[in-house]
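Got a structure for you, questions after.
Labels run A, B and C following the written order; every chain starts at residue 1.
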Amino acid sequence: MTDQASPIAREEEIQKLLIGEFPFLQDKVRVQRPRRIFATTDAQSFEPVFKFAIQKLGFTILCTITGLDNAATLGFIYHLARQDGITLNIQFDVPKENPVIKTVTRYFSCAEIYEREVIDLLGAKVDGLEEGIRYPLPDNWPKGTYPLRKDWKENT
Amino acid sequence: MTALFNMLIFPGFLFLAVFGLFGEYIDRKLYARLQNRVGPPWFQPLADLIKLAAKEDIVPEEANPSMFKAMPIFALTATVTASFYIPLWKTGALFSFNGDLIVTLYLLTIPTLTYFLGGWYSTSLYSKIGAIRSLTQLFAYEVPLLMVILAPALLANTWSLSEMALFYSIHPWYWLFNIIGFIISIIALLGKLEKVPFDIPEAETEIVAGTFTEYSGRLLALFRFSIDIEAIVGSALIAAVYLPFGLGLGGAAGFAIFVLKIVFIISILALSRTLFARLRIDQMVEFCWKYVSPFAFLQILINLILKGVLAR
Amino acid sequence: MRKVVIPIGPQHPALKEPESFSVTLSGERIMAFSARLGYNHRGIEKACEERTYVQDVYLIERICGICSHAHSTCFVQAVEEIAGLAVPERAQYIRTIIAELERIHSHLLWLGIAGHEVGFDTLLMYTWRDREVVMDVLAALTGNRVNYGINTIGGVRRNISPDQAKDILKAVDTLEERTKYYMKVATEERTLIERLAGVGTLSHEDAVNLGAVGPTARASGIDRDTRRDDPYAAYGKLSFKVITDNHNDVYGRTLVRCGELMESYNIIRQAIREMPDGPLAVKAPRRIPAGEAFSRYEAPRGEDVHYVKANGTEKPERVKVRAPTLANLQTVEKMLEDGQLADLPIVIAAIDPCFSCTDRSIVVREARKRSRNILKWEDLRSYSVEWYRNNRGLDFSKLNRKMAGRLL
């Protein structure tokens, strides 16, 4: 447990550094509780923010990538973590008609399987990811249907 | 006529069959009790055999049917035939001649060959890998086994198992010279019977069932049956060569001692199954050639020297 | 020697759950390895969106039999964070005790499986006999041997009475004795060490790059444990060691898990001693206000993360689960480089794979139009013949025609 004045002092420090480096993140970085920071950005600015977090702020662990269906857009949250337990969850959206995101496998080789998951289940297109075995759906899964999208309903 | 009775009933095929099943029971029961389990009832091996025999034989489409079906029969015949030359509870075996030592060892190698051929002719991937492992393992343990069965024969100055047994029953304390050989022969028997730590050819968790993957029904029953009998015959060979006690006593006492010897050896095999993990094929080969073979060689040297010394 | 590709899975004695590995062998050496996952995909994330939070607690718990408490706790923690609930301290301690009991049960299970994979069935029989001690305790506490159902949103559902606490302590004492014996076996039994040491090596750098978690990572020297780094439940108030090891191989992973067993016994004793009295749960609203939360938990296999997004209704907007095995799977290929076939089962077993946790979301039948897309027997056979021809280069069409005649 921290013995500093505020229980979220380290998180606020990170928040300050992020906003200092990327002024457009003002009001977009939120400390929800100790060790939980949520940030929202847009598709173009994502990579610089991501790179900054990894290389300068010490977030060297990628926990997973969450894909969401937000009606008109597809959202992607990259969950980063640090050795001291603080997690930074960076989110951005892309239009559903053209859901292209850039691969982050050059920063984290473990990202490959998380990216394959959003490709299969949400229909995302990942730029820069090489050909590979799909996950988790089977080969005979009907093309163009993405089970995790809100308009896909299970018929029983 | 008596020869036919001896070969087929007692102490031939039928006797070996019963004793083989009994041996499997001892092995499984001991293994289970050592693991804090209950273990099977006495009739389990017979029940398993009947169950397997009642099931359908499935011959893989790609396999060579005649070879595939013939292999288990060869395995069984070879092991039973080998028993004819081994002195069981008397100093004389059913049949003996000078050189039957080599013939017995040769006959006991045939089962391993049938495992290889059976696996090979199954043409399934897992069988092939198991088959190759069988043969590789053969090269590892067969040489020490040969050396170490030969060593007491050298001391007894004969190539016949029966004459060897006679020699040792005249000089019973000579068995102490062969202790190293005894240990090595147990290790080699573990390899021949493909029991842990040497059950590599049939490694269940790696290659399904190795050479026996494609075997089912009566053919599998025959294979398992022949392995049971091989355990008895192998143990009998070791007992004849290394534990030459009580061969002079005839009748019931001699028979009882024989049974005790076999049970003793089978217990050692069961103990080994419990205590060790399975080795990898490369570790096994390395172990046999680096450590076991030199000791086997040592045993031969000891016996050669002793022969010279005792001849005076 | 000619190269041969052998399939391991989806059904194979070495695998406790279905997954498909293609191993290219040259003799006994592994030249290439590729994995195809998704066989246990059941559509859980999607199913969560269509059920209420309380129903989801039960659904999430059933992601896996062995790490059920892990998933259930991780999920309710996220929901409680969104709803701003203050879970009572006693509930936190009870969750911790059950969590550590689950860890003990899982690690003992793993020891047995590891023994079985290297042909050492005696270890399997002994460890699973001892596992019964833990299972009995869990059954007495929660009513079930797996899938404990102890969590609810806002706390726990059952109390631990002083008598039960005494039983837990007795069980822990017995298990500690036995675990010491297993550590002795692991460090002194030659054949076991021969099979485990030097096998499945994963260097520290590779472990970091590939994102390994849990005992797999800690055996490669990565000092990371969510219980210490990102404390949840009552871990913030308990003191325990994080076990790391530098062997980088399966042997190291064995030692780490044995060490963690010993630490679990300490944690349970502490927790029972310091557990305060108090209520078991706070009332949770049916509708969880809009918000999101990211929850982490150190499951027996490694770090388990859940992300939950609420939208103000009684059903979640999105539930995302990343089980530890998915993170560790990517290290298996590296571990098998230059390996031998005989080592494959133990290397895969050493990451303690739980594919039920990993693959979670397929719906078996896709129904379009009015009719169901059910494959008839002949269609299934032609489909499989087609699949094998395209993916494995094997042609079964002649055999298929022959068999088709016989079966009709």
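Things to note:
Please note the rule applied: contacts are C-beta pairs under 8 Å (C-beta built on N, C-alpha and C of every residue); 3 or more make two chains touch, one makes a residue touch a chain.
All values derive from a computational prediction rather than experimental measurement.
Among the inter-chain contacts, the highest number of C-beta pairs connects A-C. With centres taken as mean C-alpha coordinates, the chain found closest to the middle of all protein C-alpha atoms is C.
Remark: chain A and chain C have CA centroids separated by 24 Å (rounded to whole angstrom). With centres defined as mean CA coordinates, chain C is found 43 Å away from chain B.
Between the Cα centres of chain A and chain B there is a gap of 63 Å.
Within chain C, no positions touching two or more other chains are listed. Within the complex, the chain B residues that touch chain C are 34-37, 61, 125-126, 129, 196-197, 199-200, 203-208, 273-283. On chain A, the positions that touch chain C within their shared complex are 1, 32-33, 35-36, 38, 60-64, 66-69, 77, 79, 81, 83-85, 87, 89, 108-110, 112-114, 121, 133, 135-142, 145, 147-148, 152, 154-156.
Listing the residues of chain C that touch chain B in their complex gives 4, 6-7, 12-14, 25, 28, 115-123, 125-126, 129, 189, 191-192, 194-195, 340-345, 399.
The residues of chain C lying in touch with chain A in their complex are 34-38, 41, 43, 45-46, 81, 208-211, 224, 226, 229-231, 236, 292-294, 296, 303, 305, 307, 309, 317-318, 320, 322, 326-327, 329-330, 359-363, 365-368, 383, 387.
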